[in-house]
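Shared between the two complexes below is subunit A, which has subunit B as its partner in the first and subunit C in the second.
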Partner chain A sequence: MPFNQKPQKFNAKINSVTIGSGDKTVTFGGDSTFPFYTFDAPSENCAKVGVEISDMGLEGMSEGVKAYYDGASTIGEIAKKAAAMEGADFVALILEGGDPNGENKPIEDLIAVVKEVAEAVDCPLVVEGCKNVEKDAELLPKVAEALQGRNALILSEKEENYKAIGAAAGLAYNQIVGAESAVDINLAKQLNVVTTQLGVDAKKIVMNIGSAAAGYGYEYVVSTMDRIKGAALGQNDNMLQMPIITPVSAETWGVKEATASEADMPEWGPQDDRGIDMEVMTAAADLAAGSDAVILRHPESVKTISKMIKALA
Partner chain B sequence: MSKFITIGERLSTTAPAVNKAFTARDPEPILMRAKQQLDAGATYLDVNIGPAENDGPELMKWAVELLQSNFDNVPLALDTSNVAAIEAGISVYNRSKGKPIVNSADAAGRIEYIDLAAANDAIVIALCNGEGIAKDNDERMMFMQTMMERGMEHGMDVENDMWFDPLFLVIKGMQDKQMQVLEFIKMISDMGMKSTGGLSNNSNGMPKHIRPIMDSAMVAMAMMQGLTSAIVNPNDLRLMETIKSCDIIKNNNLYADSYLEI
Partner chain C sequence: MFKVTFAFEDGSVVETYANEGDNLLEIAREANVAIDAPCSGNGACGKCRVQLKSGELDTKKTLHISDEEFQDGWRLACMSKIIADVKVLVPDIASAYKSRMKVADLSSKEEIAIFENAKREIQLAGIDLRNSLDVIEVKMAPPSLDDTMPDVERLSRALRKFMNLKRVRIPYTVLRKLPDVLRNSDFAVKCVVRTTPDDMFVYDIFENKEDVVIGGLAVDIGTTTVSAVLINMENGEILAKSSAGNGQIRFGADVINRIIEAVKPGGREKLQDAVIKETINPMIHEMCRSISFPEQQIYRMCVASNTTMNHLFAGINADPLRMEPYIPAFFKTNSLFASDIGVEINQDAHIIIAPNIGSYVGGDITAGTLVSMIWNRPEFSLFIDLGTNGELVFGNSDFMMSCACSAGPAFEGGDISCGMRATDGAIEACTIDKETMEPSYQVVGEPGTKPVGLCGSGIIDVISELFSAGIINPKGKFVREGERIRHDKYGMGSYVIAFESEAGSSKDVEITEVDIDNFIRAKGAIFSAIRTMLTSLDFDVSMIDDVYVAGGIGSGINMRNAVKIGMLPDIPLEKFHYIGNSSLTGAYLMLLSTPAEKKTYELAANMTYMELSTVPSYMDEFVGACFIPHTDSSLFPSVE
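Right, the complex of A and B next:
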């Protein structure tokens, strides 16, 4: 009997959310199939890759990353090189120096960094806070204000601070709101509901549903993404049709496979290679499970993942 | 499974205010009731213009255009015994939010409503009745089969576009038949077919404060049996909360703390 292909059709699609301004924009989402199921329907918009840079400069970065940015001494120069990386669709600035349990940089200093980056590059921008909910509730509204007109993605509001961040980014300063939950599908939906109840347009929300490095409780990430895409497409659940962005590098560069030095673990091989492997494996799995965009750090990872997306699209 | 579909029943000539507004072509009362029902979470709105023997086609066109232009092409169930009025309504109907529903056919005098739905690519509510109420589930099944065959003959997608109505019966008077109706819903569901019905028939004649309680119990039991839709008063908060909760338990909708608000 001949094989008759029966495409899986959904009367629903993931929202298309565009970040950036002018002729430098990038769009997340837009598909009405499971990730890379191009045999069901052509992909309208393939997944995107962002390059992570930090207000802490190159401190703590791997040798390969430092080598790529060699000669860049200011955050503006680093941003320029990040934007020029092969395969990069956008730049993601993380303001980790703001963390009260770390450097605890004042908000004005961080806003100066944001402005310097915004002036240096005209590509689409994602700005991540310092992960402390109280500090982010003050910091991210100011970031949203500083980036007026750039249509940037602000990562992210959480259950504890969505009112301050969602209202500032989504209503007052017309940016795209990132809604972050920690691998909890019910909370992911709830955050979208309450954010839209603030008055934020559902089509201006991007979800970060949480992440993990491959091998570190990662199966929960996959099942959560899978279930979200299933409800968004199969049940036409418009409170889960927001595209998903996943900051990969922040997880993968912190696990022992990436941090153990070659001197300590000679049998594991070069440290930089291991870091790239972790980043590439995790990002590939995220994209296959449902991420519409990933944030990576190493130029080799950015190039590889971008190539993979184009080959499968 | 997809979410339970509610069809709001409050635009009916059986309500004097609505009847008057239809006759006078007065948009305000119609729009107000439509808005109340949509705000409360109705998916479809039933537009019951009665027999409308004189001006059915013109009235149905007016109502369809009025409602769809004011409420983002809200999907509608066209409810009248006047065939020309249903055709006229469909001729101006915008399908972007869902196909029109023809309300309703049966296995006897109104079987041609299936042909009408098929010819217009509409959904049809197929009441499992002949002349009078079916005496048992064997007879209901026979009526259902007759209507399915008719639908297939006319090229209908019977699994999606024929919604079988078991006919909810009044408890005060037909209490002994209630489990039969619920068992029949299970039969419809086991055949992979969709179902709907006028849920509040069951509580007809009961005191006003009892009806939401009885309707909620009935919808929960019917959803357990596989009912996929019902014609209801969406402004019955207890009923709507029950439907939303059953959709969660049935995994038709993903839980979030605010599920009752969406």
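Right, the complex of A and C next:
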């Protein structure tokens, strides 16, 4: 009996959300199939890869990452090198130094960093806050203000601070709003509902539904992404049709597989290789489960994942 | 030893003595001073506030008391140690749960109608309203020198002959009064008896001229509230009705905390005393006094309660109930007598306990199911009992399925900063103007009663109205500003329903984001349980023909508002029926009718119990339901 292929057609699609300005833009989402199901329908916009840089410079980065940025001494120079990385679609600046439980840098200093990066590169920008909900509620509206005209993605508003960040990024300064929830389909949808009720255009929201490094418990991430795509396409649920961006590096570079030194774990092999492996494995799984964009750190990972995307698209 | 004085807002005081380092809340419990402590006194709930009037306390400061309040003397009783003579004020809100016991000689017409209706329906279902208790008249030949048979043998012989029985049992209580009664009445007497085909038990004996009423007692022991009716066993007439707070509340608001208290040394006796000696016995005495009825003439009792409550009532170790694999000591027992556990009615009275179905679906539900009559109809009905545990039964005359979900005490006002039971001073209904955001409300009690707090039905109304007016978002967070909306220093919003000047207590009556969050979780638990149970049967809410809602949530629920906040499914409002305290009505039917009692055992045996915690999709359903009205708004098409 001959194989008769039946394409799985959906009458719904993921929103196309473009970030960046001028002729330097990238678009997330737009597909009406499950990830990489190009046999059902061609992909509108293939998945995108961003390069993570930090206001803390190269502090704490792995040897391989430091080697790539060798010679870059200012955040502007680092940003330029990041934008030039093979396979990079956008740059993601994380303002981790703002964390009150860490460096607790003042907001003005962080805004100066944001401005320096914005001047150094003209590629699409994603700016991530420090993860502390109170600090982000003050910091991210200022970031949105500083980046007026850049059509940047502001990561992220959460349930606790969506009013301040959503209103500033999505309404006052016309940026793209990143909506972050904790690996739960209902919580993701609830945040989208309250954000749109604030007046933010649903087509200007990108979700970060939460992530983890590949390993124990990671199946929740896969299941949540998969069900979100299923509801968005199968049930035409317009409160779940926002594209998904997943900051991978922040998860994978903190696990023991990436942090244990080779001296402690000789049988595990070189530390840098392990970090790349964790980053590549997690990003590949996120993309296959439904992420429309991933944020990575190591040049080798960025290259590998963008190659994978092109090969499967 | 230090002297500890508890002062109340009505001016009364209770004095007791304590050692240095004693915990104030413990001292209050020992002195029978009711201070609400739903968290069992570990500083988590912030409800046991007292105000220091004189003397000193060594108090650990917690988040629940602001700096200004601390300055004003407010302390948490559970966090306070005795270090000197001290006098504290126990504010009304803290002791409001221990409502004055309410006794009505004859209940209101509506309440009578509930019992009358239940009787009629059960008879229509072909169940006789008869029981094995009877008053029979016996006339014996007086003894003489030629007929020297003793009194007991004389009565036995007469009764055996009369009823053609093999055996007659006469207990000590009857033996003791027998010679006098026989001689005073010239050997023509009335006996209260229980007859089975070949055996008779004589409960009591009276002179022939006396008018004998066989009393029966039906009791619903709720985790929060106990209610009871005293009835005439011959015709089902309600002679008196009473309700009171469950005396066990001071050992914790929910069943788990009660079990934990009961496991402590001497705890089982303490918990049993709290419900029998401090709650049920006083209710019995009050009811009997109000109608001049002797306690000794209550010959049967029926108790409907959740599994934990009937275990603690019977003084049985309930600890296995709370630990995997959650096994109760009994589903059904027929070996309990009044004298066994000190219930002050006729000491030989048999105590019927409505059968349990599982560790978290108890006799209150089987009794309620009997009353709902869902077992007698081909149409599909849903029976919901809103209590500290929410219980559901779904089915028809062919099958029934039950499950329980932990809603928490929010429906009865627990876990809500201004929450209280549906007693005097409780706001039971509320509307809020969309423009001005001004509330108008109804308060339980005499006209003019000032509001003290919110009961379950009031909370449903307030949240629904806040949502409709756009004051809160679907997450329950405040999104409008106004005179009645406040934010504390941590940013937590609240809405003032009655300012201190309008309220009957020393505090504003308000609802906070934390309260709303607690309530959303309670309603989410109920709705997700409904969905999970129906989905497991491949049903959806449109297939429900009738919904019967029971529980002591207030005088009635505004069903429209309950649907609007996503607590009950969005089906036509005429399908909802509020049936009041179905546990008590069920206990009444089981007491009055032996066939109804048997039917309840049969229902319990035929009900399938579904353990929600083993259903993987329940958590997803729950999170989806913790939103107003629901994350999936297509489930609530009528809510715009």
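Going forward, the second predicted complex is superposed on the first by the 312 of 313 C-alpha atoms of A that agree within 3 Å, B and C clash if a C-alpha of one lies under 4 Å from a C-alpha of the other, contacts with A are read in each partner's own complex, and residues count from 1 in each chain.
Just so we're on the same page, contacts are C-beta pairs under 8 Å (C-beta built on N, C-alpha and C of every residue); 3 or more make two chains touch, one makes a residue touch a chain.
If you're wondering where the values come from, they're calculated on a predicted model, not measured in any experiment.
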Clash-or-fit label for the pair subunit B, subunit C on subunit A: clash
By the touch definition at the top of the document, which applies to A:E77: first (subunit B), second (subunit C), both, or neither? neither
Looking at the overlay, does A:I185 come into contact with subunit B only (first), subunit C only (second), both, or neither? both
Look at A:N236 in the shared chain and tell me whether it touches subunit B only, subunit C only, both, or neither; answer first, second, both or neither. first
Between subunit B (first) and subunit C (second), which, if any, makes contact with A:K163: first, second, both or neither? second
Classify the contacts of A:E103 with the two partner chains as first (subunit B alone), second (subunit C alone), both, or neither. neither
Pick one for A:D273: touches subunit B only (first), subunit C only (second), both, or neither. neither
Report for A:V194: first if it touches subunit B alone, second if subunit C alone, otherwise both or neither. both
Look at A:E262 in the shared chain and tell me whether it touches subunit B only, subunit C only, both, or neither; answer first, second, both or neither. neither
So the two structures are superposed on chain A. Out of 57-65, 75-83 or 237-245, which stretch of subunit B collides with subunit C? 237-245
Does any part of subunit A touch subunit B in one structure and subunit C in the other, and if so which residues? 185-187, 189-190, 193-194, 197
Per the touch rule above, subunit A residues touching subunit C in the complex are 159, 163, 184-187, 189-190, 193-194, 197
The subunit C residues in contact with subunit A across the complex are 473-475, 477, 479, 620, 623-624, 626-627, 631, 633
Contacts from subunit A onto subunit B in the complex sit at residues 185-187, 189-190, 192-194, 197, 227, 231, 235-237, 239-240
What residues on subunit B touch subunit A, complex-wise? 1-3, 252-258, 261-262
